[in-house]
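Both complexes below contain subunit A, partnered by subunit B and then by subunit C.
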Partner chain A sequence: MFKSILSKGRKLAGIGSIAAALVAAAPAVAQDKEPIVFGGSIPLSGVFAFAGVHLHAGLTDYTTWINSQGGINGHPVKYVMEDTGYEVDRSVAAFKKITGSNTVPVYYGDSTGFMKTIASELNSRGSTLMSGASFATALTDNEQYPNQFVPGPNYTQMFGIILEYIATQGKDGEKPTVAFVYSDTEFGKDPIENGKAKAAEMGIEVVEEIVTKPGSVDVSAEVLKMRRARPDFVVFHGYVLSPINEFMVQMRQMGLDTQFMGTFWSSDKLIINKMGEDADGYMGVMPYNYYDSAEGGPMLDALRATAEKSDPDAGYRPTGYMQGWFNAMVWTEVIKRTMDAGKELTAENMAESLASIKNWDTGGIIGIPVTAHDMSFPVGRIWRVNAKEGRYEPVSDWIHLD
Partner chain B sequence: MDWLFFGEISLAGLAMGGLYALIGLGFVIIYKATRVINFAIGEIMMFAAYLFLAFAGGMEMSPWVALPLAVLGGSLLGGVIEKIMIRPMLGESSISVVMVTIGIASILVGVVEMIWGADPQLLPSFLPRKPVFIGEMYLAPKIAYGFLIGAALLIVYLLYFRFSRGGVALRATASDQAAAYSMGINVRRVFNLAWVFGSLAASLAGVLVAATGGLSPQFGAIGLSVLVVVIVGGLDSIVGALIAGVFIGWLETVAGAYLGGEYRMPATFAVLAVILVFRPYGLFGTHEIERV
Partner chain C sequence: MRIGDAKQSYEADEAILTSSTQKIWFALFLFALLLFPFVADAYLLYLGCLVGIAVISTTGLNILTGFTGLISLGQAGFMGVGGYTVAWLSANTGLPFPVTLLLAGLLAAAVGILVGLPSLRVKGLYLAIATLAASVFLHFIFAEWESVTGGMGGLSLEPAHLFGLTFQSDFGMYFIIVPLAVLMVLAAKNVFRTRIGRAFIAIRDRDISAEILGINLLHYKLMSFALSSFYAGVAGGLFAYFFRVVTPESFPLSMSIFYLAAVIVGGMGNLLGGILGAAFMTLIPEALKLLTAALTPFYPNAPIFMSPMLEIIFGALIVGFLIFEPHGLAEIWHRIRRFFSLWPFKN
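Coming up: the complex of A and B.
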C-alpha cells in the first residue's frame, strides 16, 4: 500500500518536474498580458466529425505554434472549444457558454446553419469576428453578415475557379460541356444558380443538372442520364465521398471519357484512400497547398513541423487540418493589424482589418499572395489525383478571382 | 418518349426496390412475431456493413467469406439486442419499446464511431464490375448482382417460413401468441428467432446497399426510408413488404429521373399519405394492427 502511494507520488513528482521544465523552456510569452481567446464550436462528433477532429487538430496546433512564437503581440493565445455534434442548438449553447466566461474576439463556427443562426446575436454584440468550416456564399454578404468571413473562396468562387479551368480545356476552339451534380441540401445547392450564370457568361454549356439525396444513395438512374448528356466535365458539390465514386466508376464502365471535379470538402485524400485506382484523374479545387505537396514556405514548413511534433504517428494531415490552421492564421493577422492600428478588438475593427488584407504572403499555405474580397479569399488551384502516387498534383496555376 | 431510357430507369428502380424489400422483410418479420417496431433496423444494417468492412478490408478476408460472417454478426447482434434489451420490456407499452429501439440505434452509431471513426467509407469491391445488359438496356452491375443475392435470400426465407418447423412456429406465434404458447411453442425462443432472422435480412441488405452507395455512421437513416415501404405494404405483411419495396424503389427512381432528385422523397411520401388515408393498415396489412 505504502509502496503504491510512494510510486504514485514519484510519478506525480515526475510529471510535475516535466511540466515545470516545459514552462521554463517555453519561449517568452508575456505572462502579464491578458490571453487572447480563440473560441470554437467544434464538431468532434456527429456527421461532420470526420473533418471536425482535423479542424480541431489544426486549431490546437496553430495555438501551440503561435504561443511558441511569443503569442500575438506578446499576448498568449488560449483555444477554448466545445464539441457540438454538428447540431446547431449545441453550437449555439457552446457559443454562449464560451463567450459568457471569456472575452472572445474570434470564434470558429462549425456549420453554415450555426453561423447564420448566430449572426444576429453576433451583430448585436459587436465583439466577435467569426469564421469556420463553412464556405457558404451567403456568409460573404457583408450587409447581412458583416462579422463573418470564409477562410478561402466561397462555394460560388470555387465554381468560378473550376469553370475558369474548364474553359481552358476546350479543343478546336470549342468550349467543353459540363454537368453539375449536387446534393439536395443547402450546402449542395449553394453555388448552383451562380455557377450556371457564370458558365453561361463564359460560353460553357451546362448539359445536365442532377440533384441527389446526400449520403448513401444509389445513383444508377442518374448515371443513365449522364450517359445521354455525355458531358466533358462533371462538377460535384455537396458531398464528401459518396456518390462521387459511383458516378465515376459507372460512367467509366459505360465508356464515357468525362472528367470529374469537386469542391473543397470533396477534394481530400479520403477520395484516394477509399477509391484507390478508381480515383485517378479526379480533380478538386483547393485554396491551400496539400500537406504532402511538393510546395514549401516558412509557414507551411512550420505547420508540418508542428503537426509532426504534436502527433508523430498521424502522418498526412487532411485539408480540414489546413483549414483549421489557416482560420487561426487569419485571426492572428486580423488581431495583430487591429492592435497595431491602436484599435480595440471589436468585430467592426477586426472586419476592417480583414478587408485591409492585400497581397498577404501566407508563407506557403496558399501559393500566391492573397487579397481579401468581400470577407473571402477568392483563390484556389486545380489539383488532380495521381492514384499511383497516392496524392493530388497541381494541374493549374493559382487562380485569384477579382 | 425514350422508351429505352424508361426501361433502363425502371430496371434500376426495380433492382433497388428488391433491396428495399429485403430491408422491409427484416422489419416485418420482427414486427409480425413480436409487435415491436424496430427503429434500430437501419443501424443493424450499418453495423453489419461495418463488420464486412472490418473482415474484408481490415482483415483482408475474401469478400465471399466476409459477407456471410458480417451477415451472421448482424443477425447475432439482433438476437442479443432482443435477449438483453427487448425481452425485459415485455408487457411495457409499445411506446416504451419503440424508445428502447431508438436508444439502441444511438448506441450503435456511437459504437461504430468509436471503433471505425466518423470518416465516410467505401466497402471493398466484391461484385463483378462488367456492365450488365438486358437486351439493349444497361443495368449497373452492383445493383444487378445485389438484387440477385437479395432475391436468393428472399426465396430461402419464403421456403423456410413455409416448410420448416421454425418457420411454422414463427407464423403460428404471429397469428396467435396465446394459442401458440398453449400448443407448446416456445414463444420466447420464437421472439428471439424473429429478431435473428429479421436482422439477418437487414444485415445482408446493409452490406449490399453500402456496397452501392458507401457507408458512414449516418447510414442507418436509410432504415427510416424503408419505414415508408412497410407502412405502404402493411406492417405485418411479408408479401406487402416485398411488393411495396419493389414498387417504392421503382417509383423513387422514376420520380428522381424524370422530375429531379429532390422529388424522390416527396413522390414516395405522397404515396404514403394516400395509403394512410384510404388503407391505414397498408395494402396488405391486417386491420387490427396498432399504430404508434
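Coming up: the complex of A and C.
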C-alpha cells in the first residue's frame, strides 16, 4: 500500500511538472495583464467526489490550455478552487473565501442546493456569473437566478430531447409508451411534471411512474408494476447507477423488451463498468461528445491532447471532465464577448453576452453550432451503449430544442 | 493570582461569574465578539455566523442529551421546523424577525413535545431510534406538503427585517445571530441554577431516584424536549434567514449527527463544552484546508490527493478526543484554566 502511495506521489509530481511546464510555455503576452480568475466550489470529497475529481480535471486542463493560447484577450487565466465535500455550507464558505481574496467574474458551483443558496448574494454582488454541476430547471429561471446558467440542456430539456427521440421510435403509426422512474430528491423530481406535460403534448402515454430512494437495490415490487404496465421505454432520472441496473436486469429476466434511457449523470461509463454485457442497449442523453467518440473537431482534439499531456495514464475521461471543460469554454466565450464589446465584467453584462451566443461553433465538443436559450444550451444527442466495444455510440442526430 | 473563592452570601454562591478575573475575561470576550465583524473578512464573518447558529443548536441538544440524558437524533428535524416556519411567515405575513424567530422556536418546541412522548417509556438507543423516526417523518412533511413548504424545491426568503432595517449581509446577520447565541447560552446557564435544571440533571443521573424525590418525569422530560427543540427551532430560523433558502435537503440526518458529535466532542452536560464542540466541528474542516493550501504550490494536484485525506484526519481527530479526553474539549479547557490559576507557583 505504501508503495502505491509513493507511486501516486511520483505520478502527482510528474503531473505537477507537466502542468508547470505548460504554464511556463504560455506566451509571454498572457503574463503581462491582470489574470482572470475562474473560481470554484468543487466536491473533491464527499458523495459527489466521483464526478468532482473529473470536473476539477476538466477545469484545470482547460485553464492550462487557454493559457497556452495566450489567455483571454491577453489576460492569463487563474483557476482557484476549494474542496467542499458536497456540503452547502462548505461550498458557501469556499465562495466567500475565494471571492474575498480575488476578483472572480465566473464561478463553478457544485450543487443545485449551493447555487440556490448563493443566488441572493450573487444577485446583490452583481459581479459574478455562475454555472456548475447542476442542470436544474429552476436555475434557468431568469427572474430568480439572473446570474446563473447551466452548461447544457436543463433536466426538463433533457427529457424533451429524450421524448423527441422516443416519438420517432413508434411502430405502425403508434407512439411508443413510456414510464418514468426517478429518485425522491429535488434532483430526481426536477423534470417530471414538465416531462409528463411534454409527453401528453406529443401524444406519448406515460403508463407508469415510480419513485424510489436514490441507490435503491430492492426494486422487485416496482419491477412487477413495470411488468403490468409494459412500457416501450423507461426513462430514469435522479440516479448515478442503482437502481437502474436492478430494473434493467430484472425486467429483462421477465422477458420485457423495454428500452432503457437516462439523463446526464447516469450516462457515463460507470454503468458499463458495473453491468458489463447487461448494459448493452442502455441509452442516455448527452449534450457533449464522449471523450472516446468517433467525432472530432479542433477543440475536441485540443481537449484530448491536453488531457493526454496532463495525465497520460488516465485513458478515458468521464463526462464530468467534458462538462468541466465546456463550462470553462462558455466562461471564456462570455468574458471575451463582454470585453470585445468594451463592457465591464459584471454579471449583468456577462449574462447579456451569454444570451447573445447564437450558432456558436464549439469545435466538436458539441456536434452542431449551439444557441443559448434562457440561460441554457438546449441541445443533446441520444447515445446507446455498445457493451462489446465498452462505449456509447450515437443513435440519433443532434437535437436542438427551440 | 486567584487563590480561592470565599462565598459570603447565597447570591455570591449562585453567581455565574464568581471572580473579578472571570468578569474581566468575560467582558473582554464580549468585546472581542463585538469587534470581530469590523476586522474580519467576508469568509471569517461567514464562519462566525455559522458557529453562532451551531452554538445555539448544540446548546439545545446539550440540554436534552447532556443534561437530561435523553439522546436525540431529531435535532435537524426540529431545526427544519424552525426554518420552514420562518420562511413561511416571512413570505406570508411579513412579520419582523424577532416575532418569526420566537414563533419558530415555539412551534419547534410543540413538535418537540410530541416527539418526546416516547421518552416516557423508552430511553437510550431506543429513544434515539424514536427521534430518528420523527426526523424522517418531518423530512417527509417538508418534502411533500408542497402548498406550505414548496416541496423539494423549498422556499426562498426575504432578508430578516425590523423597524425598516433589513439584515441582508453577513455583517448584519452577525448582529442578530451572535447576540442571540450569547443570550440563549446565558439563559441555558440560568436554567441549571433553578429547580428545573436540577431536575433535568437528577433525571439524567437516575430517573427512578428522581421520581422518588418528587420530580414529575412526564413534566420534566417533556420540558427538556420542548426547551431543546425551542433552541433548535430558533437556530433553524436563523439558518433560514442566513442562507435565505430552505429545502428538505437543508436539514439532512447528517446534521443531527453533526450536532450530537459537537455535544460529545465538546463535553456532554457542560454548556462550555457545547460551545467548544460547535466551534470545533464547524471550524476544523476549514482549518484543515490550510494544509492543502500549503502543499498546493509544491503539488498542483494536492487538492485531489488531500481532500479525502482531510476527511480522514477530521474523523481521526474526533476519535482521538474521545479516547484521550472522554469529557471533551471542556475538560481540556478546565485543565488549562487550572494550570494558569496557580501559575507560576504550581510545581
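One rule holds in what follows: the second predicted complex is superposed on the first by the 372 of 402 C-alpha atoms of A that agree within 3 Å, B and C clash if a C-alpha of one lies under 4 Å from a C-alpha of the other, contacts with A are read in each partner's own complex, and residues count from 1 in each chain.
Just so we're on the same page, a residue touches a chain if its C-beta (ideal position, glycine included) is under 8 Å from a C-beta of that chain, and two chains touch if they have at least 3 such contacts.
Note that this is a predicted model, so its numbers are computed, not measured.
Contacts of A:Gln250 after superposition: subunit B is touched, whereas subunit C is not reached. In the superposed model, A:Ala93 makes contact with subunit C only, not with subunit B.
Of the two partner chains, subunit C is the only one that A:His56 touches; subunit B does not reach it.
Touch criterion met: A:Ser242 reaches subunit B, while subunit C stays clear of it.
Using the contact criterion defined above for the overlaid structures, shared-chain residue A:Val211 touches subunit B, although it does not reach subunit C. Contact with neither subunit B nor subunit C is seen for A:Thr346 once the two complexes are overlaid on the shared chain.
In the superposed pair of complexes, A:Asn194 makes contact with neither subunit B nor subunit C. By the document's definition of touching, both partners, subunit B and subunit C, reach A:Asp184.
Using the contact criterion defined above for the overlaid structures, shared-chain residue A:Val223 touches subunit B, although it does not reach subunit C. Note: residues 45-46, 49, 53, 184 of subunit A belong to the subunit B contact set and to the subunit C contact set alike, using the contact criterion stated above. Residues 8, 12-13, 15-16, 19-20, 42, 44-46, 49, 53, 56, 60, 81-83, 85, 88-90, 92-93, 96-97, 99-101, 113, 116-117, 119-120, 124, 138, 144, 184-186, 189 of subunit A touch subunit C in their complex. The touching residues of subunit A, when paired with subunit B in their complex, are 45-50, 52-53, 184, 210-213, 215-225, 227-228, 240-243, 245-246, 249-250, 253-254, 270, 274-275.
Those residues of subunit B that touch subunit A in the complex are listed here as 2, 5, 8-9, 12-13, 15-16, 113, 117-122, 129-131, 138-143, 209-210, 212-219, 221-222, 253-254, 256-257, 260-262, 264-265. Considering their complex, residues 41-43, 45-47, 50, 143, 151-154, 156, 159, 168, 170, 243-245, 247-250, 285-286, 289, 292, 298-308, 310-311 of subunit C touch subunit A.
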